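Labels A, B, C, D and E are assigned to the chains in the order they are written; within every chain, residues are numbered from 1.
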């Protein structure tokens, strides 16, 4: 892959060595990438569960935690871009529910064509994303608060409208909608690789990582995302279209919410009014564990993906290890703390400021 | 009250008027206080529900929303101080459950004296608060992440340990514990004022506001809180004991968690393993609606209290107005957005940077 | 131990039993800390301990996550699987996968209608809707007509079903949303509701903690409404005895956890298929003034 | 102090590139600037001098489009306008080096250098950044200013204040514009670097650019300036062309400047 | 360039208040400073000169306790030590005015002035801030420096760069210490304010304080300095007492300084 760090593509012509600089080999340069800490933490957790449980490395086991990680991962990658751009989106989780519910209601209740319903859901998601961005930029309010309000509103609307239209809080009968199977090929199917039956969500996840990394490291838009997140005022002064960048980022996150909403809907062929609520923090956790700064301007898509991998492995690994489920949250908290500490330690050793 | 703004206590000797300064009367100075926006929003919501529902202004009605606001308000005041000091505490909500559960388990299962159990719970809370602070300061990790981990851990421990000891997820039989009624006088009783039966929590709330405001505006500690939140590096350079200030702040928040835990326990005389989960954001919302900056260094305790008042009035007002309850969250989201926008508008008009 | 004691004691008994041993996985749609499901869990674990089986318990209210948990359980190749199907569509493929893998499946609580269709051997317990209908009937008999149903977790499928069941027999029921994480404030909200509409003459709560709060709210607001609740605790039985609460619906969750483990163990060790394709009802029982004292004893232990 | 006004344009009679008439700006209740007039034409250097807090930064923020003015008129080539954003000013060929430099601390030096004007290769949706090209140009351009960086991949936040200043100036010069505005570019610079900046200013002027040069050092201003605008407490205390004023007079006008020489004795005494 | 070392202390033979021997500091892979020696005694002014990025700020951050040194030795009154925090240095009587000023932008001027050394009245648990007292002192002290603020309740972030600098200096002087360290205090200042700062330095020296004065302006350094430490690219290129060197030599040593005069011609040419 050519999508490595910008530091790794340094000028091949040997530059004159500077006596003020302790020489840094390619390994040290690699160690300075934001995602290195997450990589070490991920390897540690992988090793841990591989050794302590039998199932973790079995084909069925791998496919479970990869699927779990992929759903968090797609969102985490989008949320990481947004965080690099200096914003939060707490409505991202509820958005996966909203889009699923829109498609569910429109197809099962009103008999709309699935593809059209999906387009409508996408349009709604993008509109909400753009309006988040516009409110944030026009008012100067922190996105944390604006999207928290959006989150509440979506949560209420999801529940009330679903109940109003279907009389229940669950969409049933998706499986019998015409063309359901056609869509399922793209969003809900499985394929076999090395004897493992993998969900198609994993492909979408890998695609998201590649595109996001490419955009962040190798395009103008990526440069601008880092800039608006690092110093909004300066970005404005050098003429970066700050508004457009932020709108793009919020729309990307909302779009990712739609994608995950579809992946979940066409996997289990049902969606509930509560879908996605409480997930928004998991995405942020994944991004931070993956090396993104909460304050913006620093991070990577690969890191966020690794954060999601850590989360997915831990979540399913705890099941494989058959630990008492009452302790689940405590284990997760401990793992989170451990992961960020490992991350910090590795990065400090590599000479990266945190 | 002498606890008004520092700007309001300006030197009485008439200073020479500066031609470069548009004169600012006491009203404009008042309008520049951080909490003014919240005050206007609170008045608007008060007026709205007073006019649209009959019960809102009735003695029984007032006592309901005041009580509701006071529980959120005590925590919001503590969280606001912490936010002014530049940190978050996402474990604050779960802490109200942890302390309640500790007292519940120790008295109902082990027959410990209530007062001693309460002291132990307080000690645990303060220890957790201090350890939050120490981890944040020693590692340099954002408190958002550290306390999120603490939150998860508390949540898991609350559930697992309660279940382990009591065999159930709810504490039963608190009411029959010896000296329960004695403690209830301080934490769970009511008193009558102007024909309204008010909960004692309201008194605690007012006390918290007074103490917090005094500390913030009129003491060295308060000055240091603003400083460490505004510019950590500079604070260190001028010799402020940054570590002590942060430890103090986290312990204050944890202590407030204990207080609210006790107020809830001795009011309803039961506590569940899930108590307090998800409440942490409400406290932050109240603080922000009340004019605190998420980035630290700016805000006020009175503002946070007003934020809690807005939240309490809205929560109960919606019930009084008998709006369809499924929309609850959507209403709350709308109100939140409205409150921060009013806040912003008022402060802009008064010439305060946001 | 005599009550749900978690992993250690389970493994202890496993090693001390001479009979064939095995693993049974329970995957429900519960959220952590939910009172009802906690008792189901206790029942299943106790059965495991009694029978020398290794019982694992997991739960998640989101169908995607519940499916993932079932998949993870299938990956560990258990000797039996117990699933609750609040959202049958959502777990269908996972359950069918288990059946295809030759793992005997028993469904519990919700999903009676789909149980056989998906290939489960039997169903234990009955749906929340039926329990709700029962509660509605009893309230109507006691003379309540304008009832509120207090939902302590917004959008929770089981809770919505209970209220829908009650509405089915009572005509209409108004749902009131409160937060179980803040019982003191839930009490406030119930008071507010009673204040704002004096014609309310019945309150149905779905959690024992909320029931205690509702009893207090009722007293504060004048105390004319009839109270009923789902699930019992020692506090609830005490309130039933003194008349503050009319009755508690007891779906006997303990047996919803205990019985399927017994059935699957019998099948594993003896080839028995209990139920013969018919469901096994676990309730609902009603705890009233008459039998509250007996139930209280068990409620304290967390098995009712 | 009375206004000494001069209206004779020293070099050309075409409308100046930028002109302000009785311009002013208030921050809420604080009036930072009022009734200031000045202009800069092709191949001209306008020096703005003044004590701390005189309003110099405020003045250039108006010219750069960072703040909208609240009084008076701003003209470009004789046309009245109000800038809506820095982009607007940039598009009209007005490049600015701010006192706070407009850099993103966490980003590498070369990314900062090209920020907002990145070089891309490839075409269509596959256009991507020419990383090597930008890195090399950055290294070369900084070298020309006498700044020899260890590593252009270093986050710019880790450079010394003066190094950062040099990067910002090199950037403005490299992306040559019609008017370059420099807010105290020499304040944080060493003797050598200051000389280089003055040379740059002269070069830019000779290439026909207009330059607005803010400083409080008359010794830096006098050698390169064509017109001088003196500010004090937010208002103009005089506007001169070079022929009208000597460096001594100018220093004298900037209250207390003349005292510096006599100060030397005072400092020596023990 | 060879080291010109002078060991004769100009004023006293007691151990100097602060002394460093072969001190050095690396930021990760970046070696910002190495093998630098210097000392400052009672009633002495040590001037540190150097180009941008020479390591001046790094040097004083070590003296001020903001960064621990990674090489060499730091001595106070002849005793070797390593500062653990700025508070540690402050407690030993070392007050510092940082280049980035160490102020909290959102706080009012007077609160910044007294930050960390607040005046309180009342007793026991009822001690509270003497708001009026602090406000008045702030106004008065700034007035002495020639800074006439509109309102000491203004957040310090809204002051101009130079005004902020003056507040920081006034603060260090007011809380008088044994050693005052000033990092480029005159860089952002106008002519008048610079003169005032130099006067302050002389006053502090005459009161028996040690002063470490960082600058890159030889014209500011020479009149007040007793010893001069010249840094370049992180290392010392010479250490002199005043009698050993003239201002011209010093400017010459600071590479390119001498060129400034000849530059004037170059700038004039069209």
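Here is the rule we use: contacts are C-beta pairs under 8 Å (C-beta built on N, C-alpha and C of every residue); 3 or more make two chains touch, one makes a residue touch a chain.
Not measured: the values here are computed from a predicted model.
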{"item": "Chain separated most widely from chain A, comparing mean CA positions", "value": "E"}
{"item": "Chain separated most widely from chain B, comparing mean CA positions", "value": "D"}
{"item": "Whole-Å separation of chain centres (CA-atom averages), chain C against chain D", "value": "73"}
{"item": "Centre-to-centre distance between chain D and chain B (centres being mean Cα positions), rounded to whole Å", "value": "48"}
{"item": "Where chain A and chain C are represented by their mean Cα positions, the distance between them in whole Å", "value": "34"}
{"item": "Residues of chain A whose C-beta touches two or more other chains", "value": "20-21, 155, 159, 324, 326, 328-329"}
{"item": "Shared-contact residues (touching 2 or more other chains) in chain D", "value": "30, 150"}
{"item": "Multi-partner residues of chain C (at least 2 other chains)", "value": "6, 32, 154"}
{"item": "For the chain C and chain B complex, residues of the former touching the latter", "value": "3-6, 32-35, 38-39, 42, 154, 174-177, 179-185, 187-189, 191-193, 195-197, 207-209, 212-213, 216, 220-221, 233-235, 238, 299-303"}
{"item": "Partner chain E, residues of chain D touching it in the complex", "value": "27, 30, 50-54, 57, 99, 146-147, 150, 154, 158-163, 165-166, 184, 187-195, 198-199, 201-202, 206, 216-218, 223-224, 251, 254-257, 259-260, 263-264, 266-270"}
{"item": "Chain E partner contacts - residues on chain B that touch it in the complex", "value": "6-7, 9-11, 18, 20-21, 214, 218-220, 222-224, 226-227, 230-231, 233-241, 297-298, 353"}
{"item": "Residues of chain E that touch chain B when the two form their complex", "value": "64, 66, 85-87, 90-91, 96, 98, 100-108, 111, 114-118, 120, 127-129, 131-132, 135-136, 150-151, 153, 155"}
{"item": "Partner chain B, residues of chain A touching it in the complex", "value": "135, 139-142, 144-146, 148-157, 159-160, 163-164, 281, 285, 288, 294-295, 324, 326-334, 336-337, 340-341, 344, 354"}
